[in-house]
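You will see two complexes here that share chain A, one where it goes with chain B and one where it goes with chain C.
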Partner chain A sequence: MIEILSSSALATVQDLGREGGLRWGVGTSGAMDPLALAAGNLLLGNEESAAAIEIPVFPFRVRFAEDCAFAVAGADCAATLDTRPLMPWSTYEARAGQVLSLGVPQGGAWRAARAYLCLAGGVDVPVVLNSRSTQLRGAFGGLDGRALRKGDTLRAGTPGRATRATGIGLVPPALVLPLQRDGCAAMRVLPAAEYEGYTAASREAFWSTPWKVTPQSDRYGYRLAGVALEPIAAMEMRSHGIVPGVIQVPPGGQPIVQMRDAQPSGGYPKLGTVIEADLWRLGQAPIGSQVRFIRATWDEAVAALAEVRAWLDESGRLLDLHQGLRQAS
Partner chain B sequence: MDALERFRQLAAWLAETDIALLELRGPQFLLRLLRDGATDGRTDGWTDGSTDLEPAPAQPQPGTTIVAASTVGIVRHRHPLRDGPLAPPGARVERGQALVLLQIGQLLVQVSAPRDATVAGLLGQDGDAVGYGAPLIELRD
Partner chain C sequence: MSLEEAGFSVLGTTAVLFEAPGPMTLAAQRRIWALAREAETWLEVREAVPGMNNLMLSLKQPPRRLEALQERLRAAWAAAEPLELEGRVIELPVVYGGAGGPHMADVAAHTGFGLDEIVERHSAPLYPVYALGSHPGYCYLGGMDPRIATPRRKVPVLSIPGGAVSIGGAQTGVSASAGPSGWNTIGSTDMGFFDPMRDPPALLQPGDSIRFRVERVIR
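On to the complex of A and B.
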């Protein structure tokens, strides 16, 4: 069991999301950086989709009430266990009473926004509609359907002394699968239904200029600031189904990218969709940073998903191999 | 499978490759298989009984500890996300703290301090490929 020591808001329990509920108006939720969550779980020998704590505001501290193996992935927050400095994207074993502290995300080779604390066996909260993810809008899933508060306690699925090697880490996917344009984190985008409804100059600017992540960006959506995008003629549409990644353009011309807590429907015109394989890159883009969009094809989007899968598979293979060697020796 | 059968299996696998030399080291053993009369470049005839089991690390001075590689891998003195070294000479380190990383593909295996200590020196170069037991770092009280 761990106890939350920080009153910093907005940390939530998330897994890989609640798929299949959009038709009933149930949003997907789930980790903003699903790759970091899956990697942290692999490091611990958990199911990739086990629930973890997503932490977007720092500093963040928890106390372990019992021995427990854990992993921290995502943003490098110069974590410490009591006073011992920890490596990012690595596993450790906490003893009862120890305090894990995550500081402000470091610059380094990859500046990111969110850290994931994974526990051995996953964070044990009830499954609601096939997922443990917190659905903030509907106030269900996770811990009582809400963000974590100081004094909350959460159970690990399999606490106790580590049964696997700890002190093992992974080179983060941001370094293995880098994607940047002019020094900005970049995401591949498929043009969407109303793409042709925008002026040629706006379409060109969309691909060739940077977009700033404004402070009005969160798990629901990222509001970006940049060149105003102008439709050839005003478009009025009925609400229709949308998914995380959809880039809407409200009348002001400043795009909104729908994120994991997006509503399942919306009525603004859609310029494009950030491909599923790159949503983690946007989910990790800090407020105030700039991002770029790269035009992609369907085949490229599918290939990108395969690349992400291959990174996870290779991580799992190496971890199993190392685990096997350790047990043999 | 007994040791001899394992040895035969290894030899059979080796025969199907173009690997000239296979060397396995563990805490208590050294196995070196050469294929098709290949030479391993050694001149000191390793059959002479002088088991050249690991480095005979220069016997550490009292109060100092040599920390050795726990696996094969490529020596990394800094984490790929970070600018600074993990444990520069002179740094005070805590028991369990990562001193060096050994990279195997995208895996990073930590070599940790066995006790609270001060880093006296780095014994391997960043980027070196090292085997099990290679001395990596010297600690002093």
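On to the complex of A and C.
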């Protein structure tokens, strides 16, 4: 059991997301950085899809009410266990009564926006419609369908001593799979149905200019600011299914990238889709930062997804190997 | 999109969108329902999600050959017979205008109609549920009088309340919970559309219908 000590809202319980509810209007939810969540779980020997706490606002503190192994992945936020400094993307064991503190994410080559606190056995909240992810709009899933508050308690699936070795870590994917343009975090994009409906100048600007992540960016969508994107003629669409990553352009001309709490359908014209393999990069882009878009071909987008999968598989293999060596010694 | 030819496009690597050709009709929607029934049996399909005269397929993994999937969809559409779904009629009392209908003036300005004409035209039809989407329990409705069609807002509103009755383009609907929206809200109602503990969790299904009853008009 852990107790939330911070009153800073917006932290939620998330897993890799909810499938099968689109026909009822239920979007996927799930971690904004699924790689960090999956890697944190691998570090603990959990299922990749186990639920964790997604933390977008710092500082954030929790107290362990019992012994529990944990890992913090995603943003490097100068974590401490009581006074002991911790490495990011690493596993540790907390003793009953110890306090884990996460500070403001560190700068450096890659400053990320969200940290994931993974617990041994995963965060144990009820599965609702196939997932433990918080569905904020529908007010279900996670802890009572809402963001966490000070005083909330959450159970770990398998608290107690770690089954995995502790004190080992992974090199974060931002370093292993870097992608930048002119010093900005970059994401690859596949053009969508209305791409050709934009002026040549707007299409060119979309690929060649930076886009600022505005303060109106959250789990629903990232509202970006930059050159106004102009359609050749106004487009009024019929409502249709959309997925996280779809870049909609409302008539104001400023794009909105649909994120994990996005509506599963919409009607604004679509310029493109941030490919599934790169959506975590945007999910980690802090408010106020600038991002760039890179045009991808279908084959490149498919290869990128395979590359992400290969990184997770390799990470799991290395951790298993380390575990085997530790047990043999 | 050409009116004669069906649309096919990708939404990243694990979703595709099929758009039926021609004007938006209930007959075409019945064929979309049939196409969804067929496509959800395909091995690579995670979920088949009807929209307004269109169908999104969410895929388990990127298709090896995109053209093959496109061709299969076109063939299945050509073969799709209208699926008649027998549904219920739900009556919703609506308070039009006032604080619960903050964009009524925008609809009036765009259409040139007065408040009473908008209310009369909006509450006259029996609206068939074409599809669910947007947020848990939300219904996309067909059959709105095209004379009160109003473009979606230039900048979406960050949150409209549950029960908001709104117009977006040629469509109308009722929000099932509070959240962001690009539509023009003209009134409000009070109904629980979704309960995750119920099976199915949504109150309404494609084939059901909604009638808006004028409870009050606030000037």
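One rule holds for everything that comes next: the second predicted complex is superposed on the first by the 329 of 329 C-alpha atoms of A that agree within 3 Å, B and C clash if a C-alpha of one lies under 4 Å from a C-alpha of the other, contacts with A are read in each partner's own complex, and residues count from 1 in each chain.
By definition in this document, a residue touches a chain if its C-beta (ideal position, glycine included) is under 8 Å from a C-beta of that chain, and two chains touch if they have at least 3 such contacts.
Note that the coordinates shown come from a computational prediction; the quantities given were computed from them, not determined experimentally.
*Asks:* Once the structures are superposed on A, label A:S90 by its partner contacts, choosing first (chain B), second (chain C), both or neither.
*Replies:* In the superposed model, A:S90 contacts chain B only, not chain C.
*Asks:* Quick one: classify A:A65 as touching chain B (first), chain C (second), both or neither.
*Replies:* neither
*Asks:* Does the superposition put A:L179 against chain B (first), chain C (second), both, or neither?
*Replies:* The answer is neither, since A:L179 touches no partner chain.
*Asks:* With the two structures laid over each other on chain A, which partner does A:E19 touch: chain B (first), chain C (second), both, or neither?
*Replies:* Only chain C is touched by A:E19; chain B is not.
*Asks:* Let me test your reading of the model: by the given contact rule, A:L10 touches which partner, first (chain B), second (chain C), both or neither?
*Replies:* Neither chain B nor chain C is touched by A:L10.
*Asks:* Between chain B (first) and chain C (second), which does A:V171 come into contact with in this model arrangement: first, second, both, or neither?
*Replies:* First partner only, chain B.
*Asks:* Between chain B (first) and chain C (second), which does A:L319 come into contact with in this model arrangement: first, second, both, or neither?
*Replies:* first
*Asks:* Thinking of the overlay built on chain A, is A:A301 touched by chain B (first), by chain C (second), by both, or by neither?
*Replies:* second
*Asks:* Which residues of chain A touch chain C in the complex?
*Replies:* 19-27, 128-129, 135, 137-141, 190, 192-193, 216, 220-221, 234, 236-243, 245-246, 250-252, 256, 263-268, 270, 273-277, 298, 301-302, 305
*Asks:* Quick check: in the complex, which residue numbers of chain A touch chain B?
*Replies:* 76, 83-90, 106, 108-110, 167-172, 175-176, 311, 314-315, 318-319, 322, 325, 329
*Asks:* In their complex, what parts of chain C are in touch with chain A?
*Replies:* 1, 7, 9-15, 17, 19, 24, 46-56, 58, 62, 66, 131-138, 140, 151-156, 158, 168-171, 176-180, 182, 194, 196, 200-202
*Asks:* Any idea which chain B residues touch chain A in the complex?
*Replies:* 26-27, 71, 79-83, 86, 94-98, 101, 103-110, 112
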